[in-house]
């Protein structure tokens, strides 16, 4: 049993609060244990240069942690004048994950912005951000549809993400910060609602691992993602 | 009567939630109408160069708005590589206001950081940030005292802030965003618990104003600050 | 009596030299005691995005101090790669003050730039910059009118600014650097030629102050501004 | 058969030239097909703050592409004033991969810098950079050992990396740029000389993929890494 | 005789390898002794603002050193967020030198980019960059001509550059790094193929020098440039 | 005769006002025709890393133009976040020129800062900056000597600078902005008081030039420098 009483393949308590921001049509607040992230979606009337006059749109994400989202303050990136490598890596992952289930030709030559701001960080912020952003994204597309701007929700499938790690040889699902710090192997899986992989990132923090270990981690991740998918659907209702 | 049903000298519904962040001893969530700000306090073992070996400490504040805290997305400052002038101006004001009631020699040669992050912005974010930060600051000093790091709470008096504006010739207290956009004169007042002024900032947005008008605004502000002070005390209990 | 022999409500010796820069139609050199600022006005054929196709124009200001304008060198902001918070705050104040008396629809969809560069700093640089910039601005508009680009000088009233402070309980007008460092309360007032307030900024540097004190400071400021206004008019002649 | 005549599980022609830079003890030039990278290792007498007084060292990597390493010029990051997200992501991967096989306590409180500069880019620059950097790193440690600065080569195992992708449903090893652009799934594998995984990064560029597909990619990667390992050993000789 | 056996007025062994980068029509690799530079030319469909609608084009250069091009690592400028003064100075010199022999009206309203990346630095990198860039530039224009984009090679004359220095009173041609560090006077000469001066830069590093000394340096430079010109012609063949 | 009535080898009217800044011991205002520069010298108790514990000091210069020093406003570098290449090139030249006549071991392990701020620019700002800075530097050293901080003025010789150009085939001394824009060749010479060269920078703006032309330019420069030297001495009096 884990320090917080969870089974090895058990996710933390999850709450998804849609419409969290009063005046933002596509927003939600996702809490996985003590990790808390605000996800908010908006759209702008322009696309990156490489898409000009293509008729297609783009989706991009930005991620940040509040300085005090962790017990030990981390410096504000705006004060330092640049986003850290970790930040850029995470926001690129969020964008890629959402683009993988989005029909970019479905909302004109515009750019969808997904903002993920971490209020409290206790491990798994990037995976919570992906899981929550998907909810905010569909809410936002519903809003565009209700306004008559688009006909259909341009989303192929749902997407969710979860972390898995090896701690003392055991495969643990949805690591909190303490577990993450002790993990020998640390992995993040992004999967669709019907169980396909979108992104696999596994890193040996302490000792290289075998293929079998990876298999075990994927299996555990699949269980977690399935649960997240159920919860996303419960919040979103029928949206296709 | 105002659009939202308030009297001219009535503040918006106010909620102050102390200990908002699980692992941050000095934090609170302040809501004034739809304006919502997280205030969090921390300390670091160093001071700015001009205080080295002075024995005294420092207090500084940082302020930011989430990109989607407003209905229309505002670009992330970390992505733009610099804080805007408005941001710097506000965080300087917050720092000055708190320093005016803090005994900087009361916590050693260390720097207190006050982080104010706006989750939702509907006018009056800087004043809410000051009012909330004071609560977070005292909570933080209580924590240091309980740990035995300091003997007394190094705070002379309480501090709170409120906006006042002239809209269609009438003096309105605690403007929301719409009222603020229409105001002919826009002012912010920072005052202590026993009614003294710490900072006055009044700006003619549309038409210059007379001294009498300023008097009316101060009077109205005094009423608002008095109410905020009561609420701060209710949350903090006896702290001196 | 003050260290330099002035009465409490006496301004420092003032000189305003219009046309200071040979090839700049709107420029002046303002000296208030040892504080010396070059003010220069120019115009560009574009406006900020929010004014595009509005038909109206904009006015913006930039402020800087030479590294050696103070006895102790202050680092060059271009070398540091960013303007300091203080700088941004001051140049925003200058811009706001001038816009408050300028008809922005009076010179087409263009932007007026006001550059204030401090050659020597002995307190009151921001107020000198405002007072001097007004002269440079009107000179510039005269030039545009003489060229036939505009019909009338698009200025409603004159504007000037002065500092007032409380030192040892006394209200002093137009503080020099030493007085400013010792002030318990430090205030800047921006007023129109016919005695209305445009901006009030009062800060308790050491001890909070009562409303009566503020009244005293305003009264003293009014006297100072009236004198500055006379001097501006003497330089500008009839311009309306 | 592939456009360039290779089998699906065949790597491109590989050349590793150690001691490529005349005066740099740990350097090599690695060419995999048309992808060419200079790897160079150096050391500095300091560590990041979190390691001060720990007795242990650090290893970090930097990566860049020459503007003309691709047929279409890509802007110089020094001119743009910041490294792109892709760059930071890659150099973090290189650093992590090398640290996973390096005994960081084996060279004192110092930092090893690994510089990877891409002269020509035709896909697989990050994997070539890892494979080549390992050679440069061991050469550098040999040099330190020969100078008597360290006793043993502080490296646990060798490390190499290869890309695998799914193109038209087929699993291809070591993609060139064209193949990479067409890939439905794109993956990079970092493995040790004795066949353990250090990092797995698999991304669905076009369509989500099943676990079986991932298995196939790992298997193919293993074959490629085994070949790279042989080549690294051939260049390095006996180094343990 | 010099440390490396050269005569005082003898250049180092020179190799110019055109078409060094596989997919870049205008590129070369120039080696002067241990100094090695990749020069690559490309073109973009835009010009600086001051040339818009002028019908004429522009040519600009960028220069960088690999961090490990010198035995002692020099920090990567992209990591530091800005190009150093030395870098800007050199790339401005390269651009000026090439523009002096190029007919900027000969390739439409476009900008030619010249990238000079130093792989190994042993003195004289800026002069090698100029000499090599000229070859890459002509190769690039040949390519444009062969594609039918331009009719003639828009180049008036060839250009090459060499360093000369005074070491222990003797005039030395083409200094290597050691000689350069010891030089009392350090000069760079840029000249055309028919012996005219394009740029003279002579600096007293240790002791001021007389006009006669300058004459001696020019004479020596002329000899060196003549040799470089022959070598450029040998590589380029008939191009006019 | 030239547009402004000068002979070809005649410098513009020159005024050097020492002690221009009230509280800066080493400052001067130099005016050459309409070009006006404030030069100010200060010292800091630190040296660049490469001089730590060397016992020797350093001298460095910074240069900037006021935005309105030219009829057409040039953007403020602090707003743009970086100094331009031209600026860096000029301030490096000023620093080098002054170091060439300064005994860096003569004022301890400290750094002398030379600030050159252009108030009005009409060609020749860099040469005026050098000529004026020398005066400010000696004034500053006198001040240090009078305070007893140094025993002797650590300056070997005087230094001054002048521009020379070829306009319509004629060699002109001390070009103003218009002449500079039309020059076929543009050169700057830095020389010592006893006629030795410190720096020669000659650039063919339009057409390459022969050695003879360079000889003519040097001769003309010598005449100009001799006059500047007389003027510097007149201001400085006996300082050795």
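Going by the order they are written in, the chains are A, B, C, D, E and F; count residues from 1 in each one.
Everything that follows uses one rule, which is that a contact is a pair of C-beta atoms (placed from the backbone, for glycine too) under 8 Å apart; a residue touches a chain by one contact, two chains touch by 3 or more.
Since the model is a prediction, treat every value here as computed from it, not as a measurement.
Student: Shortest hop count from chain D to chain F along touching chains?
Tutor: Each step joins two touching chains, and the minimum needed here is 2.
Student: By label order, what chains touch chain D and chain E together?
Tutor: Looking at chain E and chain D together, no chain touches each of them.
Student: Fit chain B to chain F on CA atoms, both being copies of the same sequence, and give the resulting rotation angle in degrees, nearest 5.
Tutor: Rotation angle, to the nearest 5: 120 degrees.
Student: What chain lies farthest away from chain F once each centre is taken as the mean of the Cα atoms?
Tutor: Farthest from chain F by mean C-alpha position: A.
Student: Please flag the chain sitting at the greatest distance from chain D, going by CA centroids.
Tutor: C
Student: Half is the threshold here, strictly exceeded: which of E-F, D-E or A-B has more than half of its contact pairs identical to B-C by residue number?
Tutor: E-F
Student: Averaging only over C-alpha atoms, locate the centres of chain A and chain E and give their separation in whole Å.
Tutor: Whole-Å distance between the two chain centres: 50.
Student: Could you state the distance in Å from the CA-based centre of chain A to that of chain D?
Tutor: 28
Student: With chain centres defined as C-alpha means, what is the inter-centre distance between chain C and chain F in Å?
Tutor: 33
Student: Per the centroid of Cα atoms for each chain, what is the distance between chain C and chain D, given in Å?
Tutor: 59
Student: Send over the residues of chain B in touch with two or more other chains.
Tutor: 81-82
Student: Looking at which chains touch which, would you call it a line, ring, star, complete or other?
Tutor: Graph shape, chains as nodes and touching pairs as edges: a ring.
Student: Applying the stated contact rule, could you write out the chains in ring order, opening with chain A and then chain B?
Tutor: Traced from chain A through chain B, the chains around the ring are A, B, C, F, E, D.
Student: For chain F, which residues count as touching chain C in their complex?
Tutor: 21-24, 27, 34, 38, 40, 42, 44, 62, 64, 66-71, 73, 76-83, 87, 113, 115, 117, 119-120
Student: Which residues, counting only chain F, touch chain E once they are in their complex?
Tutor: 82, 85-86, 88-89, 91-92, 96, 100, 157, 187, 191-192, 195-204, 208-211, 213-215, 218
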